[in-house]
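Across the two complexes that follow, chain A remains constant while its partner is chain B and subsequently chain C.
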Partner chain A sequence: MTNPQYIGGIRGFFARLGGIDRRWIFLAMGLSIAIPILLKLRFPEYPGPMAKATFAAVESVPEGSTVLLSFDYDPASAAELQPMANALVHHCASRNLKIVFMALWPLGKQQADRTIETVLKPLHPGYSEGTDYVQLGFQAGNEGVIKVMATNLSKQFPNDANGKPLGDIPLLKNAKDLGEFKLVASISAGYPGAKEWVQYGNGAMPDAFEVVSGSTGVQVGQLLPYYPKQMEGLLVAVKGAAEYEMLVEGKYPAANPELLGQGRVRMGPQLVAHLLMIALIVLGNIAMIAGRPRGGAR
Partner chain B sequence: MNESMTNNADEKPPVRRRPNLLWFSLAVLGVSLCVLRVAVAAQDGDAASAEAARTLWQSIGVWVAAFMTLGIFSFLYKDNPLYKVCESMLIGVSAAYWMVSAFWSTLVPQLFAKLSPTLVKTYAMPSLTPSETPELDFMLALVPLVLGGMLLWRLAPKGQWISVWPIAMVIGVTAGLRLVSALESDFLAQISATMRPLVAFETTTDPAGVATRSFDFWGTVGGFVGVIGVLSVLSYFLFSVEHKGVVGKSARLGIWFLMITFGGAFGLTVMGRITLLAQRFEFLFKDWLGIG
Partner chain C sequence: MMQRTIPIAILCLSGAIMVAAYFISSAQSWGETVTTWFNILAAVAFVLGAGNLIAMNLEKISSQRAGWGYAAITLVSFAFMLVVGLFKIGAVPNDKHPDIHFAGSYDSAASPFGWMYDFVMSPLTATMFALLAFYVASAAFRAFRAKNTESILLLGTAFIVLLAQTAAGMFLTGWIPEESAFAFLRLDKIKAGIIEHVQTAGMRAIMIGIALGIAAMSLRLILGIDRSYLSKN
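And then the complex of A and B:
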């Protein structure tokens, strides 16, 4: 490649651009995310078919039915998944659905606790533990947990997270297996998660309940083949969260909109950062072409 | 002229002594602790209340998290001691957490509680529900206990072959467990999901309740793209036939479908990483600095 120092004019400018210190790019990327956050930039979201399908799946559950929310993630993925969890819990509670929380990830229990404290209790103060919602907590065993739950719920979860026997909890005292739930929602960051709920939950009881999922951008590629036949709805990363928030907020406005706006807040930096990335890819290609010798070997 | 430029380019730049980053990091840490001390002193007036203590601990947590975040970010400038400290702490805390978590969520309730329920209920898990079949549970728990011991035999100087047996059992059980579900969910159900009408129609209902069936253009395009994509990608993985002629062109098209899929996956990964960065900035601005 020709030394960019010896190329003049606009071509030389672009050729030298190829050798720019990468730390300038880091700085530009940081600013492209920091400035929209500080300016609170928000852009309109238009719900796509998958977010609409997820919303419709929760809407189709008869009022008063019990749904299972599996928190299959930890704080490392909370930036993408917590907005979905917040909107999902608010949606279910707004429809007077009974909610059972559980986790296939050790720290998922803490994420569920946080959602209960920051969303369920403030927005739905009438919801009481034991009759309207239950926190089952975490159980080790990955897909084995789902397999046992498909046949015997109390064998896998003899107590709730507080140590109270399932037989003493009004909401679950008659629950036998996964067939108790009309909908299973897995908020999933990987293994074990939504894929295992399709394979071992829906696979074991295909007609008993519907499965929906909210997933990270990294994992969603594995889940797309299951939609819409084996998975009724799928929220794709923070974009899916923002779309779902729009749908939930539109029908069930929250007393504190801040709690249900995290996904949309994070879409502002997304747009600016993506524009920057596209510009950098274009500039990088121009710099590479400009740095090539004219008529020489490539 | 050119020669002189070449000579200048070959010359090594003079070595400049940079300030030791370790001392710089320590100085930043020291200043931060002083600021923290001031914050603590300001709260001394009502330090007796539990709420103030809770706030204090939360403040310390926020400051530690902020410095850890900035410490990790500092690697973007260049490798430095502060980054290494933060990285080591992350690895150490994660390893310790997973070890403790595995002990309390697996070993205690799944093994020790079945071997000695009274002891576990008294000293470790007061909420442990008594089993209806303690003798059977005890006998069954001996199996993983023995297998676990055999697995640890790998650390012994002799007889390491003993650890191969539990590994073989784990592999066998996992394969058996996953085979049926994979066949049902990832093979048969996926074939069924691929078989859809090529020409799609959509049904809309007007406010009067009259249903109208109309041609769905994009649904039809999606159907054709799906069928062509599946067949062309499958032909790419058809290695028993030479990729020439029709098969070669189909395989070439399959590569395009695969590349677009990988590009989509990469785009989604980028979106996820940007979200993580945005969340960290939100934390720094709102929770730490109190702006925004």
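And then the complex of A and C:
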């Protein structure tokens, strides 16, 4: 590599660009995220096959059936996963499905609580705890929790999160195992999560219920082999949330559209940040080429 | 002798029961019991983890190693959350049992635990995750170089996925009709092709390899051939 200081003209400019202080890159990334947020930039989204499949899976559940929503994430991934959790809860409640909340992650219970308080109660005030929804809370044991639930629900969850025995809860007093649910949805940020629900839940009772998942972008590679046969729907990152929001809001408009627009709001900064990344990659490569000695070896 | 024989016996028995429970329906309840043991052990692991966290950080503070101040903050935060959570300090009254102390939920938004969760822990963990964007941008500029065929393929894939994952993909190629012969040029179609035919195939191969490895390792453990999990003493 030639010293960029000794290269003149435009080539020299680009060669010197390779040594730019990384704080300029941090500033550019900060601005590319902050400006779209402040300007509330929104772009049209077109639902893809995975979002459509997830929507169809929830639509196919008979009205009045019970579904299980497992919040397998914590606040670190909430920016990516909370929008799809909001849309999923609104979708289920709009179809009068009974919802059972639980968590395989210690902080998932708090995320579920937050969703109940900010989405379920304001948008569906008729939903009452115990008859229309239940919060089971968190249980330690990772996939072991799913395995016990597959054969004996009350053995794994003798009480709900408030300490009320399952036998005293109208919605779950007759529930024996996972077969009680027509759909299991895991909002998943990693292990334990959607993969374990397919392997140990769906694997134990393949015909009892459908599995759908909302996943972070980084772990979706691990889930793709299960879609669409063992996992009927898969929402991938903020884009999946935005697409799913469009489908849900199209059929079940919410009283407060802001609650169900978080995925689409986040797509604005994502678009600009992705374009910046592409520009940085191109510039980095130009700098590399400009810094090479002319006609010499690499 | 006992320190090695008993753990090996427990492992062999538990493993054999789990295998039997999968194939023999009458052994299913045994499998449930063993899984419940596992879940209890997993809960106990939280206590072990907490003990380890305290020991490591206390050692760091006492030896005044670099960053010992952070260790002190970790311990104070840990102790605070443990105390307010465990003793339900500041728990709001329960509507159904207003006369019973600590009957309310310890993690409601109005309690110190809920307050710390909502206004300290959530923003801090979200911030840590968000910092990734800055490091990825810096890495994209410095390390994502087209130096050989493999890296060019990786770059091409990255461009397609980065564009197709936003509205830019539809803006650039969305005008190509989905039914036309050129629909394969749409970025969303190319991305779907990469995911379905390249990424999924590669991931399946990795997962099958991992599953075979786990099966082999499990058999070695159940049969007592691999004893590396035991203490060397």
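To be clear about the criterion, the second predicted complex is superposed on the first by the 298 of 298 C-alpha atoms of A that agree within 3 Å, B and C clash if a C-alpha of one lies under 4 Å from a C-alpha of the other, contacts with A are read in each partner's own complex, and residues count from 1 in each chain.
Here, contacts are C-beta pairs under 8 Å (C-beta built on N, C-alpha and C of every residue); 3 or more make two chains touch, one makes a residue touch a chain.
In this text, all values refer to a predicted model and were calculated from it rather than measured experimentally.
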Problem - Superposition on chain A - do chain B and chain C clash or fit - result: clash
Problem - First (chain B), second (chain C), both or neither touched by A:S128 - result: neither
Exercise for the section: Kindly classify A:L275 by the partners it touches after superposition: chain B alone (first), chain C alone (second), both, or neither? Expected result: second
Handout entry: Partner chain in contact with A:A79 - chain B first, chain C second, else both or neither
Key = both
Exercise for the section: Look at A:L38 in the shared chain and tell me whether it touches chain B only, chain C only, both, or neither; answer first, second, both or neither. Expected result: first
Handout entry: Touching partner for A:K239 - first (chain B), second (chain C), both, neither
Key = both
Practice task
Once the structures are superposed on A, label A:N285 by its partner contacts, choosing first (chain B), second (chain C), both or neither.
Solution key: second
Practice task
Look at A:N256 in the shared chain and tell me whether it touches chain B only, chain C only, both, or neither; answer first, second, both or neither.
Solution key: neither
Handout entry: Which of chain B and chain C A:S60 touches, first, second, both or neither
Key = neither
Practice task
For A:P225, select first, second, both or neither according to whether it touches chain B, chain C, the two together, or no partner.
Solution key: both
Exercise for the section: Starting from the residues of chain A touching chain B, keep only those that also touch chain C in the other complex, and list them. Expected result: 26, 29-30, 33, 78-79, 139-140, 144, 147, 162, 217, 221, 225, 237, 239, 270, 273-274, 277
Handout entry: Parts of chain A lying in touch with chain B, wherever the complex brings them together
Key = 5, 23, 26, 29-30, 33-34, 37-38, 40, 78-80, 106, 138-140, 143-144, 147, 158-159, 162-163, 165, 198-200, 202-203, 216-218, 220-221, 225-226, 229-230, 236-239, 265-266, 269-270, 273-274, 277
Completion exercise
Seen from chain B, its contact residues with chain A in the complex are 5, 9, 76-77, 98, 101-102, 105-106, 110, 126-127, 129, 177-178, 181-182, 184-186, 189-190, 192-193, 261, 264-265, 268-272, 274-282, 285, 291-292
Handout entry: chain C - residues contacting chain A, complex
Key = 28-29, 31-32, 35-36, 38-39, 42-43, 45-46, 105, 107, 109, 117, 121-123, 125-126, 128-130, 133-134, 136-138, 140-142, 144-147, 155, 158-159, 162-163, 165-168, 170, 174, 188, 192, 195-196, 199-200, 203-204, 207
Practice task
Please give the residue numbers of chain A that touch chain C in the complex, ascending.
Solution key: 20, 22, 25-26, 28-30, 33, 43-46, 48-49, 74-79, 107, 109-110, 113, 117, 139-142, 144-145, 147-148, 151-152, 155-156, 162, 217, 221-222, 224-225, 237, 239, 267, 270-271, 273-278, 280-281, 283-285, 288, 298
